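Each chain carries a letter (A, B and C) given by its place in the written order, and its residues are counted from 1.
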């Protein structure tokens, strides 16, 4: 069925996997994607991509799916269908509180006390790759992007006001001083948690 | 079309909108969600929800969609299909998951099959001190502390639900059976590799 | 991902030894069981007695190659296995027909235990490979985790921190505290290095002076298991050359050793000596 569909939609140069690949990308990107970016990544003509996107969007509607593919200003994104809004709202409202994992708490601690800080630096302090955890913290609204490092160009992160609220603080300067919780002999610490000497 | 589908799948109590509503909810979750939570939010019997989820998953596969609905760890979640990984990775900015070292994999295997288990016991099985590797696995969220041994007082460890998700398993009993990897004649072994007789 | 795999090749699979690959990854062995398994698979052998006797020398050679890079835990684990292997090898040096006393039975038990642990380790190693494949396959699937649409943003489930500000700071303190692995000085280990030849000379001198001594007396001055093993091996060599006689009246009783060699020069030569001599000379 998918092969027929793709053949009927794209032009001769569109491979049968285009439909599938577009769906996969749209399902996980965390912001709208333009036809141009999609076409470049897939190394295909923009109009083949656009036609397939429009076809997919129509198909989701025809099949009465709970999700919808729509083009907004910056590009295409998967949305929930308006008819399902009540159910989604109910689900979100009734949802249980989310407990953070130890890894998430530790990552958040590094961001809180080192902000603004890049993902690479957070990973260096914790000794493990923190990219996935950082992404989760952004989704949870606990940390957010804070521009780029002027030297390295790396994306920087800081904590949000929601983070302060959840911790019961009014401002960042109410965060307890870290010194009493550090061993006496590590005053020469640099940002990576290593001794500078 | 969707209404026909749902009527054919669910029992009499499942409304025709169930299929669509489940899809919509699955679009907004950022972690696996259980059939139980879905049923409670939709105020429907769990078995109707489960049947519909299974039907949706089968349908996505049959239609050759780029996404897939899978039951892992603590529930259901939408994933991209492995065949689309290359193009998806292009769009996800986060670095690829760092592969676990051989030492970490072996240590995780021992914890998975012997849990709850102390570090000392894991080290005994592997014949090498595993403390550092265990800590890395905790930091990565793959294993966690699980109380103390009632006799020795040693700290015990078990695998996490994230471990299950990373392996694509629903529950620990889906772990491959260890028996085929062991010769027949060492069934009398206890955890430290010593004969119990 | 493929490139990653090349950069960190897993140790060989059992039964598929590639001698060249083995040479390259010599330093990657994690623990004595890992090394033993690799040595056995290098020779395409099953885990049998033959396998153990053939890999013993290479095992010892590998330990030597590590030089000073060991940490205490690793070194002691390797030494434990090495001692067991040496015991097994020593047992084969005994004259035939003399395999039924208690010491031999103990060696057989040690061998069985080593086999059992090796087999168990192999099982976990193989199942770890299965897990690795599963994780690799699952890693090719990306979960949908996208920000909530604006209309739902305010309905986001609350995050439960379970920590107050002070607890949070304490957690941060732990994260920022450098994780220096606990270190134990290992220099003293190297002082116990010795050779069978060196210990053999001490044994010969002591027996010439006293005529008969128990094994306990012969090993009284030893500073570690290493020296005891070396003296034991030296005695086996002396026995093979008919320079000493053994008497053990009852199982597990005291073993007395009597000098039966002449006055001439006696050299204790074993196949371990070359190896150890090289190291001493380094």
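As a convention for this text, a residue touches a chain if its C-beta (ideal position, glycine included) is under 8 Å from a C-beta of that chain, and two chains touch if they have at least 3 such contacts.
These figures come from a predicted structure and were not determined experimentally.
Chain centres here are C-alpha means, and the one lying farthest from chain A is C.
Nearest to the global CA centroid, when each chain is reduced to the mean of its CA atoms, is chain B. Computed from the mean C-alpha positions, the centre of chain A lies at a distance of 47 Å from the centre of chain C. Once the centre of each chain is set as its mean CA position, chain B and chain C turn out to be 35 Å apart. Our note on geometry: chain A versus chain B, Cα centroid distance of 22 Å, whole angstroms.
The multi-chain contact residues of chain A, meaning those touching 2 or more other chains, are 24, 27-29, 78-80, 88, 92, 95-96, 98, 106, 126-127, 135-136, 139-140. The set of chain C residues touching two or more other chains comprises 142-146, 148-149, 152, 179. On the chain C side of its complex with chain B, the touching residues are 1, 4-5, 8, 10-11, 28, 30-34, 71, 73-74, 77, 81, 112-113, 116-117, 119-132, 134-146, 148-149, 152, 179, 181.
Put simply, chain A touches chain C in their complex at residues 24, 27-31, 78-80, 85, 88-89, 92-93, 95-100, 105-106, 109-110, 112-113, 125-127, 135-136, 138-142, 162, 166-169, 174-178, 180-183, 186, 189, 193-195. For chain C in complex with chain A, the touching residues are 142-149, 151-152, 155-166, 168-179. Chain A meets chain B in the complex at residues 1-3, 17, 19-25, 27-29, 33, 37, 41-42, 62-67, 78-81, 83-84, 87-88, 90-92, 94-96, 98, 101-103, 106, 126-129, 131-136, 139-140.
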